[in-house]
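Across the two complexes that follow, chain A remains constant while its partner is chain B and subsequently chain C.
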Partner chain A sequence: MIVVTLTARMQRHLYIKTGIISIAGIFLLFLPQIIPGSNYFLQILTTCFLYATLALSWNLLAYSGKISLGHAAFFGVGAYGSSLVALNFDINPLLSIWCGGCFAAILACTGGFLFSRLKGAYFALTTLALVEIPKMIIENWETLTRGSLGLLNIPPLRIASTIAQSYLPTYFINLGVLMLVFLFLTLIFSSRWGWAINALRQDEKVSFSLGINATFYHVTTMTVSGFIAGVCGAIYAHSVGIIEPSMVFSIHYSALPMVMSLFGGRSTIVGPIVGAFILFSIDQLAFQAILPIGHQILYGLAIMVTILYMPDGIMGLANREHLWHYSRQKK
Partner chain B sequence: MALLKAEKITCILEERAVLNSVSFTLDEGEILGIIGPNGAGKTMLLNVISGFVRVSEGSIHFNRMEITHKPPYRLSRLGIKRTFQIPRPLKEQTVIENVLLAYVMAGRKLGKLNAVVEKVNSILEQVMLIDKRDILAADLTLSEQRRLELARTLAGNPRLLLLDEVGAGLSPAMITYIQDLLEKLNKSGVTIILVDHFLNLSVQLAHRVIALDNGKIIAEGLPQKVLDSPRVREAYLG
Partner chain C sequence: MNVAIYVKLVISGLALGSFYAIIALGFSMIFGVTRVFNLAHGELLLIAGYSAYAAWKTWGINFWLTIPIAILVLLAVGIVLYKVLSSIDEPLELNTIVFTFGLALFFQNLMLILFSANYRILSSPQWTKTLQVFGATITSGSLTLLTTSLLAVLILYFIFRHTFWGKILRATIQDREAARLLGINVNNTVILAFLSGMALVGLAGPFFASFHYIYPAGGMEATLIAIIITIVAGVGHVRAIIWAGWGIGIVENLVTGILGAAYREGITAIILIMILLYKPYALSNSQ
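Moving on to the complex of A and B:
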């Protein structure tokens, strides 16, 4: 895969992005040493990393022009896949989370093939229905998955020399996975593949005329997106310890990455991360205290404000080139 | 040698034959003009050749290979490049990025990056867009968008160029310029099909002209001869 960042504009974007995120990553890596002991903020950050990764996976698919309403399918399959592998074969959760990702990728690849011709709302509705298939199978395959009783005693993620009950291993693993996914996507977005899916989003017909194989790129994008979402689900399962179908296949995990990506700015790579950090922090630190039951109203508000006042999200506002572009159009 | 050979292509959309048993051949290095009144099937013929619309009957051969039901991206990789009647630039990308995309997706080895940029710059110079290099494609005028379409096809290393109304909406001076450019391209070995409603390019450029009306070929031959034929006059003037 050849990395193509030819114009000055793209090079600048790439340097700024990787620079900022690397610095932030290193800072976050040492943050637990600065804030000692069990800290509420670190726990929130841990979940932020997970949601940011999930939002990035949703955003990858959106970058290729397909809106998914069913990322919970991949999340849930990843969670169940990894838990079952870890429980039945006694494998270290650090390895089994990747197995979970692979199961989700298989589902995503199949879905990608079947839905590759669907566009827009039709694709979105189909993905919404896709969630039900693995959910039904898992609910009814009681000998393997214990059905709606769920799985218990899922082994927690552990790195050598850390205490089992601490959330710190999860903190580092989530951060690591987020950084890994971010760097991988940055690389992809500036490669031939990224160019192709970017063109597909903007104009499918033109993409054909340039020689872009739409089916191939849609299927691979969906597979990678599903894999990442699956890994997120797996990490979630191991950090919670108990899962049941209605929990991991809930619409929550389809809607959340979408809201976060839209709020932060889709079709940018930093956007979903920013969205996840801002929204989840506000949710946990402010709304949870004010409205203990209905605190998720925040996500509904966020999506309304985004669509009405900043269709390109926060990163769209921050991007000066875009502002300049719009002001010129208005004249 | 015939580069493109269309045999009895019929295309039925919504129970109407938009192309009715159209046959023609195109030699390597030729410029073919396709003229006809509105709704004659000119653009449909390009859509069929470039694979965007499937034919109901008949066959198309390119370079002695059957391409009748091949998807458009395959045909594009074979070197059949097209422009669109209404320009479709990728609006979120700058001019040079649009052309680079076409260059990268043509599937050749890229080699040194500086050389690629130089090549793309020279293409932009050819279509006089070098000043607009770093402007978003959405901000271009119609004339510039048409030239961007042309630049994109040039970047794709074409063997057969399908140009849909490439001269429409351009100033006379620009049309003369495009004419020279296409002539140069043709001399370098690119075969061209020109769809031309207003006849401003095909009369001067084309070696041969096909006149379409209601999806049928009504006249074929040298440009002036076709224009003078009573059936073509009747089709245009009603």
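Moving on to the complex of A and C:
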């Protein structure tokens, strides 16, 4: 039995990081009381929380060494799963979003099991193709999903004491889910499981020889990642109210988490959150105004610039010390 | 359904397949010499298609004249792209696949800005004439597509197999270091092959715009098909590529004819996943 212990320095670093994030979280929790007037600003933050969570789920998979180009599959399955459960069984959306996550987790688990022996670019290709399969099923199962017409009147998320038509419930739920996922991942990365997937990323063969069961860890990582992405999709569906297959399965939702993680810095745990906040703010505040259609060109540019000039992202520029080390060996 | 419909589906499948073969040849040449998994391949095809469309729309020129324009545009894009791609760090396969995914997104939005999301088609009156083969009606369009693609593939096959440059190219694809040891100027060969790949896409673009409705997000399927064919056929195997292209074209047409168009993309994706699961390291080492 290997017992993983953190060095004192890592432990201190972890405490400081968690502390800062918790303070930021509490601040954000009371932000709507401080600035009640600025609706638009809070709406942007609401979406930032959602995308940050999505980016964290992508980054979890990247932490185990697998690049996904198909998180839209989990996002879309989560959105449809949750909406269908809420519409057909009249369940409170607060509960049904977790059902959506479970549907996505089932897909992710199956995919993870089937694709576990694929590496690098080949895994990325399969995930890219994976998006089309649930999309095809949903588009053609018209009695259940109304096909490409999409679902209407999806019940919005509500918390007991807030007004129904406000964006505030979504604000708090998104913030809550983000904090939950962040704390969960912080705990996980310093656990035995986290060290195992870290080892798998750095060198799969050496990890085998240390007795790490690669298939088990890949499947569980992918399942957790799919679950989180599915919950994000479900929240999205309930906050928008209308979904259709080409919308929730669009390449956009595969690209966003990847761009945000890479740009923020996939080698740190805060990176994806920072990336989501910076990129989405730039998108909404600057690009949206200049280019009403095609403003997502920003995300394409961000991927290219990141790969070419700063492989460790913004956080990598900020502190080179605390990076998780990505092995840079050839094959 | 009677036999005539199947004959029609198979023949238009052959036409579609030869067209796919050209796209896949372009992909395979670019991949073969640079080891770049170009996920923006379909978007490059769309750029060629859109530039042909723009030329046709603004100057009202003949369909055949749009082909050199599309090729020139893609060569210009290719030179820039080659410069950028050659500066990407290790691990190459993973970084380029992420990079070209970003590039695909960039191109999609660029085309969205320039041409809006409307469906466009470069309509050419000569394609609608029909003729009868075994009781099935074939449009002259699919016949033109078939002959042009076959001609292009034959010329390439000749270049690959029977000229000195083809030999150099195959050597470079198989083993770059060994080719360099034999005194081949690898850099020039790589650039030339990359640009030939781009020119092939440029050739395919106007046909794409003329037989399909093009729209900015419509490139990903072509990319997936090019990848499928390249994996099945192997890099730089011209004959195998045309067989694989025909196979995919016929399967797609039969699926569309029997199940309906809604299943086409999904089936393409399933084929890709099956092939990757069956041949997981198909392209990882030199052929």
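As a working rule, the second predicted complex is superposed on the first by the 312 of 331 C-alpha atoms of A that agree within 3 Å, B and C clash if a C-alpha of one lies under 4 Å from a C-alpha of the other, contacts with A are read in each partner's own complex, and residues count from 1 in each chain.
Convention: a contact is a pair of C-beta atoms (placed from the backbone, for glycine too) under 8 Å apart; a residue touches a chain by one contact, two chains touch by 3 or more.
Computed from a prediction, not measured in an experiment: that's the story for all the values here.
Asks: By the touch definition at the top of the document, which applies to A:132: first (chain B), second (chain C), both, or neither?
Replies: Touch status of A:132: second partner only.
Asks: Just checking: does A:213 make contact with chain B only, chain C only, both, or neither of them? Give me first, second, both or neither.
Replies: Touch partner of A:213: chain B, not chain C.
Asks: Counting only touches as set out at the top, which of chain B and chain C does A:205 meet: first, second, both, neither?
Replies: Touch status of A:205: first partner only.
Asks: In the superposed model, which partner reaches more residues of chain A, chain B or chain C?
Replies: In the superposed model, C touches more residues of chain A.
Asks: So, A:303: does it touch chain B (first), chain C (second), both, or neither?
Replies: A:303 sits against chain C, while chain B stays out of touch.
Asks: Touching A:196, do we find chain B (first), chain C (second), both, or neither?
Replies: First partner only.
Asks: Is A:92 in contact with chain B, with chain C, with both, or with neither (first, second, both, neither)?
Replies: In the superposition, A:92 touches no partner, neither chain B nor chain C.
Asks: Do chain B and chain C land on any of the same chain A residues, and which?
Replies: 328-329
Asks: Give every residue of chain A touching chain C within the complex, in rising order.
Replies: Against chain C, chain A makes touches at 67, 69, 114-115, 117-122, 124-126, 128-133, 135-137, 139-140, 148, 250-251, 255, 258-259, 262, 291, 293-297, 299-304, 307-308, 311, 328-331.
Asks: Applying the document's contact rule, which stretches of chain B touch chain A when the two form their complex?
Replies: Result: residues 50-52, 71-73, 76-77, 81-82, 84, 88-94, 96-97, 100-102, 104-107, 110, 113, 116-117, 134, 136, 138-139, 152, 156 of chain B touch chain A.
Asks: Can you tell me which positions in chain A touch chain B when the two form their complex?
Replies: Counting only chain A, the residues touching chain B are 2, 4, 6-10, 192, 195-196, 198-199, 202-203, 205-214, 267, 325, 328-329.
Asks: Quick check: in the complex, which residue numbers of chain C touch chain A?
Replies: 37, 39, 84, 87-91, 93-95, 97-99, 101-110, 112-113, 116-117, 217, 220, 224, 227, 260, 262-263, 265-270, 272-273, 276-277, 280-281, 284
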